[in-house]
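Look at the two complexes coming up: chain A is in both, with chain B in one and chain C in the other.
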Partner chain A sequence: MPQTGGGEEGVRTADQQAATRRRLENTVDMALFAVIVFAVAGATVFVMSVTIGDWEFWADWKDRRYWPLAPVAALLIFPAGLAAAFWSRFRLPVACTAVVLLYSLMRWLSAYFNFHIFGGFPLSFVWPSIFIPLAIIIDCTLVITRSVFLTGLIGAFLWGLLVYPVNWPLLAAFHEPITYNGEMLTAADLLGYEYIRTGLPEYVRVVERTVLRTFGDAVTPLTAVFSGFICTLVFYIAWGAGLVLNRQAWLKKL
Partner chain B sequence: MTRPGCRALTSIAGLALVLAMLIPIVATAHGERAQQANTRMRTLNWYDVEISPAKIAVGEDIKVRGRFRTSKLWPEHIPSVEQRVFLNVGAGGPNFIRTASNIDGISAVQSTSLELGKDYSFEIDMKARRPGRFHVHPIVNVLDAGSMVGPGRWIEITGSQDDFVNTVESMFGREIELESFHLKSIVSWHVLWFVIGGAWLVYWFRQRPLLIPRLRAVDELDEKGEDADELISPTDIKVAIVFLAVTLLIIVGGFAWGERDAPITIPLRTAKTSMPDNKPFPQANIDVSISEATYRIPGRSFRMKLTVDNRSDRTLRVGEFLCANVRFINPEVRTVEPIDEHDLVASHGLRVEGGPIAPGQVSTVEVFAEDALWETQRLTRMINDPDSVIAGLLFFYAQDGSREIVEVGGSLLPIFE
Partner chain C sequence: MSVTARSLDLAEHPTDAGEAAQFEGIRWSTYFKVILGISVSFFVYRLYLQKYAFSVGLDYFEPEFAVYWMRLLYGQIALASVTLVGVVFYLWQTRDRNLDAITPELELQRYFKWITWLASYTLVVFLTGVLGAESDAAWHQIVIRDTDFTPTHIEIFYMLIPAIIITGVGSFLYARTRLPMHSKKVFVSLAVAIGGPILIMPNVGFNEWGHTFFYAEEVFNAPIHWGFSGLGLALLGLGGVVTHIVSRMKELIDEVATHA
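Now for the complex of A and B:
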């Protein structure tokens, strides 16, 4: 009898241990994921804001030449780097989507609280671009191909190529022509002119200024393809950096 | 430090922080005096600036107009208006909307370039948008040099922002309310992608715990020399294919929807407005040259010795010296009072020795500009400038009220005792 009782007690202990382990692992899951993703998303928001933020903040900066190129390439750095860590350590294809989703959420919070409530600008002047589907494409490509090379070649290329079509349903109406005081403007230009930005004069906008004019007026497709190439390159570099920074040696040094 | 000492210090710091947050502090200026003294003196000299009316309701119009002269003594180390400039307004944010603006009657929607030593008129039409009290300045933004700020006026806006509407019509008849244009569509598309992105994350995070078991599994497979990609199941691949297909379909559909919504679009405008060539320099029937300029620091007294050649047919007297938006007025010639508490007018700030200058006469005149505004507007900091040159506009008045405006400038010698 004592032996049986001892056995049941032993089984209960093993169950309890397993439950404790699961609880611990769940906690680690939550903590690790939150820390990594929020830290990286926060860093992404900060870096984007201080580097190429204006293309993201203002409707009258979303042009055909720089907006589908500079912000898109810059935004890819952190998701690709974190994707390397999540793929090599966990075989989880979620980093791009998670970072971009949180980045988009923070950009909305910034647009609403900083620019709309505090700054007083209409939300339709400071709306964030859509990047989430581009991140989903990269993550899905990674799962389907299980190849970093192909993910960079296809997924990252599509990330750069498709940013304009992804945002076109939002942006198109802002590029409809308006006659205003005898001049032709877009609705986006008019927003920029009417809603006063003392420290951001018209000439500061880096829009429509490149020499990519070889293919007639096919500016947007040309920029999109170029953006695709650049994003492929950025993806490989960021992935490599992610692998290097992901080594345990760094933690040991700390 | 002892523990009670630490506690006391922490309590005081905490109390100070709370009080700082609770006691509202009204910002009464926005950096007008922050610019280098010579940048304010020797770039744009603003005059005859009117900003009216001083009190309006939301939706009502206000006009900012006046003139500025681009200085011939523009500092060598500051990029000038000859590159690119934009006529702007400082109004503490989009508390107004700008409905029209022009320089010399030419639309200033786009940026332009100007010439040095010339006189320009400007007008900015605005509409009140948000209630409050705001300090409004005309501004000329100069590429690579920053904002050249004109004189400011306090404007009070009454009413409610909810009453403000800003509707325009596109060339194809679409009515555009700029305050909320396309917002429903923007939010809807974002929500859709948040849902799809969230669904992708939910699919992968449905298994719990996730990270540690997968980390362990990857490590084990690596140690065995097997392919860790085995952790990706056929179902995972099928789900990824579905997500990819749906994503691409929505992108294509969205693009087609956008094309149908706005079939004819144009790129953002970046044209630079051209001002007419060969605009004449401002004419004056008087020549003025500075032979000596000193600033006595203890007395806040600026003195300049001028040689004046009056080529006009009227007797002229120095009535005003305008320097860095500060107006030093000779009370014997003019009566000018500040419009509000931040109007930079020294009503009795100008004293002239040498008397009126008769027609055809060449005489030496000493002008004293003396007021605390030299100090409060931080103009005495010009002794820190790399070239210590002063400049401003001198206004000569005739008996009939007509005037001659001349820019004067030259090296300044500070007197420290």
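Now for the complex of A and C:
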């Protein structure tokens, strides 16, 4: 229906207005895309790096006790925080997957350029963990349940619970037992001995002692369940933080 | 009223010399020049790091280190200081003194320009987070720390972090001096998203102090680094900034589309 737009150009139809609106909105989306990608990728990798970095950097740090717990819980902060913004404001249940996809791409970029090309470590020693399927589970839970509470309870719990089996195809070979100078250790431990780092002896992380170091006890499922519990809590806290930081709050003075 | 008729009155709003006489949306050429310029500069720096970090950057007390790295450090500090002062001076001096009277077209155009500022800020955050910090992580596993001035420190602490400060302060000040909503009040999410990463620079002082006195080696997830984590988490505030930009620009677009 023709509408009067006013001014010297006279009549402007609703179609013309809609076309202008659509063009400008698309421009905003495209311009903001790079901002979001840069910010999410940079922030997530940086925060992970200085919070739990070593578990992501080194194959011999991917143990059964802390690796399925600390990095998994720490990585959930950004996806959950941004999911709060994307879900509450735009009803887009894609934030977790998008954040983790970006994080994974950038970790591989860093593993290759920083640790392999610059530092000289073999890629098989510095590969990052796999989190993408876990992020998809959280987003799918949000879509299906449309409930933040249930997403934390089910999706975030599965995020922590399943990290070990999701990574097992890559990790299994590194946990093969090896006898070396009369001592039993894993292939990953041996790689750690071969690629000596300045932080030694801290970097020789024989963290599993006595009965824990039995290649097949209940360490992994125990950690997985605890990790699921921690991740549920982290999800709720990060979601809340995301909501707070996404409030349109203004101060009169800085 | 048409866009032409509502053309930007530069006499009333004599801020940016580059502001168009009429509404033109975003300037993609500027947007991509900014992204490309920062990326290429970093790439060149990275090539320099790759070539000279291990060949002449292992020992602070070698004369070559002074030539290849300390001169670079002094140059970076000088360049960063001059750039920061220049950016602040320019944005303040060219501020819009009549913000209550700007048209929706002009405000919309400024939002597009602000997005370009934010793109530069987040790109530097990206380069710092993905390539800067972790090259330092790799470096510290190979080379024993001798002083606070290592090639990767010179890269990240005296080039990338100052760049975060310059682009962050520029982004904040651009909004403060040219966007009506930001001129009289401070948007909390923006202050958090920009203030947090800027505070990384002072936190470097704590980090280096700690490494000097009680924690020489670099276990990257050690508590001494958690200050960086907390400040990095402040970038979650960018979610709020994006939400604000989308909602405000939607209002402006509706006005512009109706009147155009």
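In this text, the second predicted complex is superposed on the first by the 213 of 254 C-alpha atoms of A that agree within 3 Å, B and C clash if a C-alpha of one lies under 4 Å from a C-alpha of the other, contacts with A are read in each partner's own complex, and residues count from 1 in each chain.
The criterion applied here is as follows: contacts are C-beta pairs under 8 Å (C-beta built on N, C-alpha and C of every residue); 3 or more make two chains touch, one makes a residue touch a chain.
What you are looking at is a predicted structure, and each value in this text was computed from that prediction instead of being measured.
Novice: Could you tell me if A:50 is touching chain B, chain C, both of them or neither one (first, second, both, neither)?
Specialist: After superposition on chain A, A:50 lies in contact with chain C alone.
Novice: State whether A:42 touches chain B only (first), chain C only (second), both chains, or neither.
Specialist: In the superposition, A:42 touches chain C alone.
Novice: Is A:233 contacted by the first partner chain B, the second partner chain C, both or neither?
Specialist: neither
Novice: First (chain B), second (chain C), both or neither: which does A:194 touch?
Specialist: So A:194 only meets chain B here.
Novice: Return first, second, both or neither, reflecting whether A:120 touches chain B, chain C, both chains, or no partner chain.
Specialist: Touch status of A:120: both partners.
Novice: Report for A:32: first if it touches chain B alone, second if chain C alone, otherwise both or neither.
Specialist: Both partners.
Novice: In the superposed arrangement, which partner chain does A:89 touch: chain B (first), chain C (second), both, or neither?
Specialist: A:89: touches chain B and chain C.
Novice: Considering each complex separately, which residues of chain A are in contact with chain B in the first and with chain C in the second?
Specialist: The answer is residues 25, 28, 32, 89, 119-121, 197-199, 202-203 of chain A.
Novice: Within their complex, state which residues of chain A touch chain B.
Specialist: 22, 25-26, 28-29, 32-33, 60, 62-64, 88-94, 97-98, 100-101, 104-105, 108, 119-125, 127-128, 130, 132-133, 135-137, 139-141, 143-144, 146, 162, 165-166, 168-191, 193-199, 201-205, 207-209, 219
Novice: Where on chain A is chain C touching in the complex?
Specialist: It is residues 5-9, 12, 17-18, 20-21, 24-25, 27-28, 31-32, 34-39, 41-47, 49-55, 57, 70, 77-78, 81-82, 84-86, 89, 106, 109-110, 113-115, 117-121, 197-199, 202-203, 241-242, 245-254 of chain A that touch chain C.
Novice: How about chain B: which of its residues touch chain A in the complex?
Specialist: 84-86, 88-91, 93-100, 107, 109-111, 129-130, 139, 141, 143, 147, 166, 168-172, 174, 176, 178-183, 185-186, 189-190, 193-194, 196-198, 200-201, 204-205, 208-215, 217-218, 228-229, 231-232, 236-237, 239-241, 243-244, 247-248, 250-252, 254-255, 257-259, 261-262, 264-270, 272
Novice: Looking at the complex, which residues from chain C come into contact with chain A?
Specialist: Against chain A, chain C makes touches at 1-2, 4-6, 25-26, 31, 35, 49-50, 53, 108, 112, 115-116, 118-119, 122-123, 125-131, 133-135, 137-145, 184-189, 191-192, 217-221, 225-226, 228-229, 232-233, 235-240, 242-247, 249-250, 253-254, 256-260.
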